[in-house]
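Report on the following structure.
Order of writing sets the labels: A, B and C. Residues in every chain begin at 1.
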Amino acid sequence: MKTIYALPLAAAISTLGATAALADWPTDRPIEMIVAFAPGGGTDIMLRTLAPYIEADLATQIPVLNRPGASGEIAYTALAQAKPDGYTISSLNTPGFLTMRIDRELRFDPAAICPIARIVEDPGMFVVQEGSPYNTLEELVSFAKENPGAVSIGTTGVGTDEHLAMLQLEESAGVDMTAVPFGGANEAKTALLGGHVTVIGLNVGEYAGSEPGQIKGLAQFTEERSILAPDLPTAKEQGFDVLMSSERGIAAPCAVPEEVRARLAEAVDKAVANPEFQEKAKQQGLALSYQSGADWAAAMPERLARYEEIIKMVKEGQ
Amino acid sequence: MAGPAASGKGDRPDLLTAAIFVGFGVIGLWQTRVLDGGTLAQMGPGYLPRVVCGLLILLGLVIGIAAMRRDAAPIEPIKLRPLLVITLSIVGFAFAVTHLGFVIASMFLILAGSLADPGSNWRTTLLLAAGLTAFGAIVFVYGLGVQVPLWPQ
Amino acid sequence: MDFINLLMLGFGEAITPANLSFCLLGALLGTLIGVLPGIGPTATIAVLLPITFFLPPLAGIIMLAGIYYGAQYGGSTTAILVNLPGEASAVVTTLDGYQMARQGRAGAALAVAALGSFFAGTVATFAIAIAGPMLSQFALSFGPAEYVALMLFGLLAATILASGPVLKAIGMILIGLLLGMVGTDQATGAERLTFGAVELFDGIDFIVIAIGLFGFSEIITNLERSGSAGVTVAPLTRLWPTREDFRQSWAAVLRGTGLGTMLGLLPGGGATLASFSAYSLEKKVSKNPQKFGTGVVEGVAAPEAANNAAAQSSFIPLLTLGIPSNNMMAMMLSAFMIHGITPGPSVLTNQPEIFWGLVASMWIGNLLLVVINLPMIGLWVRLLTVPYRLLYPAILLFCCIGVYSMNNRIFDVVLAAGFGLLGYVFRKANCEPGPLLLGFVLGPLLEANLRRTLLITQGDPGIFVERPISLVMLIATVALLALMIFPAFRKKREEAFQEEEA
């Protein structure tokens, strides 16, 4: 009984506190931006590049604080525990944010974290060595049909984008392949160039920024071709039902007042639309794709259901 | 821990080594008991940890048995003062720096840490603490951008 | 020759006043963060990365590269002076370097380290210039099977590091392997050995273990001996190395350079493996292996040369293939990408001034470091004359900030204090922590590659003897094991006899 009464009370108090602080928001003190990854990663560099433009629009300071670990859980927990006054925001990455709740007891409530804006959508894809005999997904699949397990696919671990994409392909084409986990996209790429694995999964952003003449793409896993790789056919075009992309954006606790979140989203929208930022984003191979927090949040349940289905499939397969 | 008695049989440092090795092995086995071992082709997360723990226990036993047969050798005497003071002041620093800011944490660490050394005098220690705190604030917080507040928030 | 022209082009770029000053700035900053324990070059470069937006591409990259190799230099300074390895590759330097410092030969140790590093840096820089693309092919030929063989060899070689019994060293390596397994299993996502702590999901950081086992427990044992008054360093005998020191170390520097250049090409623990193996190699070829660990100059020269050579040659895969071989190189890759440059063969042909400018600036940077560091040796050595009661609180503070700043959390500092206690127990048990650290660094690589190999071959271990590089290394491992087991007994008996006679 106690908790039932306590909950609305706590919410009321925090809203009260937030409204009081709101009068001065956001100019009276800096807005802390938690980044869920170590300095120098894609998400970190993206947000550090973006922060000055948001700062300019809100006329405040946005220091970046890195809280890496447990694929984002540490940062999300810190965000969920922060005062919901609009002075703490964090990075948000899918599919990690969605998949971590499937098999794990989390230290925060995912429902208490609301997306503010999506900034980047980077589709997954499969690549092979430039000299590889396979040019399309179809050719790879027909080889895999005759030689179960012989096609090795470099991923960055179980349950990661690339692995989930491979599972979808296996399911869709009825083949059996071997996932080989690597510590990161770079390690996997080294193994691919050395001919130690057949295929690796990459993001289109990484593919577009890579040296020409080393690797070639087989398929991208989106509904529509990404602006970064307009010539690369999607898996759907080739007849395989594989959809996988990683999204990066910004989130705040849901208890932050609606107006504050809306103002933040507006600032991010403006910053992303700034031609100067777009130029820098292009150099970094960022697939900019702004989406408002509400739209992003609305798209999440369907994706989550799909990931749950895939992961259940793996469990049964074992 | 083995006592200071140095008579009869038993190489005490080696017995301690054996205890450490066996201890790590047993804790490791206990912690990995729920993990899937897998097969050689599909090694699970528990495969290698168990191999390593097994080897550690085996090695610990070999060292322990050999040590019992050797002539007694003592462990260097243990003084608790530096051990406890240093460890506790580090732990205190960790909590203070998050909640009370760098300045208080750094002063605490140096003042408390100096208690480990019976020969220190308060004047020099205070000066040292103030100097190092200022140096740390300038070099680490301003200069290198370490993300820590200077004062309590 | 074409490459001379290109190198001249590079030097032309690198010695413009702007580039030269950014090189100097980077080298100085790198030395500073290298000297401060725990503050690593990766974090510093991450903070500085956005600043490089405003610099011309080459200047920005030159500065970041300067920080990187500057940190290598600085790291060995603290290893020698206060027994605190700032990073994995400096662990070995503590073994003999710190002993030399205690005997009043800190100046000689620092000078040999600086000159050895400079020589190695020069050779490795020319290796990049002459044979970069060829060497990168060597790196690519290392698949999972080759790594497994290399790691086994490296771990076995680590037992040579310790001066105590081999069995204890093997046990410490095993504990290191176990500590390296803490965290989320990379392959399956399962949690291992975390005791349910979310902070351990990503494993234990190297800095936490190194500062705990070396930094904290060293302070505790020093104070235990008889308070701060008891910690004395022998009076400085001589600031510079003697002729004898040079005579003893030149061959070690050569061997270390060769080993470092090759191992630096490999992703992962390249520089660390290089310094450990260089030390082991010296101990094996030495006529007086029992003197290692008591302050012999070769024990400083070889690993320092090796880790600096490796630090340079780790640029090769990045510059020629666009593949970063470690975190630092991944940061460098970001720095290139920010400026719209994609490292790889096409940079060599399309923007030769970038590639050759960087190569030339590396050599200049190394030269600057020697110029900066040699006069500073006198200053550093004077640091040792500061009474320990004033020195240890400072070390304590720097260690604590360093550990805290990695992830900004209490947990890491408390964990480091725990490793301090563990290190204290190890000392009481006469166990040396060096091999533990190597096991910790190489363990995850060994496990990941072993599992990868067996996944790719679907459980057939035959691949290890079918692939030539792997086979050669496995044979070397077995040979080393045989060498260790048989003469070890004999040598030990000889030593025992010598002691009786003495």
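In this section, contacts are C-beta pairs under 8 Å (C-beta built on N, C-alpha and C of every residue); 3 or more make two chains touch, one makes a residue touch a chain.
All of these numbers come straight from a predicted model, not from anything done at the bench.
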Along touching chains only, what is the step distance from chain B to chain C?
1
By mean C-alpha coordinates, which chain is most distant from chain C?
A
Chain B and chain C, separation of their C-alpha mean positions in angstrom
22
For chain A and chain C, let me know how many angstrom lie between their CA-based centres, rounded off.
34
How big is the gap, in whole Å, between where the Cα atoms of chain A centre and where those of chain B centre?
38
Using the touch definition from the top, which residues of chain A touch two or more other chains?
65-66
For chain C, what residues touch not just one other chain but two or more?
47, 187-188, 408-409, 451, 455, 458
Going by the contact rule already set, what residues in chain B reach two or more other chains?
147
Show which residues of chain C lie in contact with chain B when the two form their complex.
32-33, 36, 39, 44, 47, 167-168, 170-171, 174-175, 177-178, 181, 185, 187-188, 190, 192-195, 216, 219-220, 223-224, 227-229, 389-390, 392-394, 396-398, 400-401, 404-405, 408-410, 413-414, 416-417, 420-421, 424-431, 447, 450-451, 454-455, 457-459, 461
The residues of chain B that touch chain C in their complex are 1, 13-14, 16-17, 20-21, 24, 28, 31-32, 35-36, 39-46, 48-49, 52-53, 55-56, 59-60, 62-63, 75-76, 78-79, 82-83, 86-87, 89-91, 93-95, 97-98, 106, 109-110, 113-114, 116-120, 124-125, 128-129, 132, 136, 139-140, 144-148
Of all residues in chain A, those that touch chain C in their complex
38-40, 44-45, 48-49, 65-71, 73-74, 77, 103, 107, 149, 152, 157-159, 178-183, 186-187, 189-191, 193-197, 209-214, 280, 283-285
In the complex, chain A residues that touch chain B
63, 65-66
Chain A partner, complex, touching residues on chain B are 147
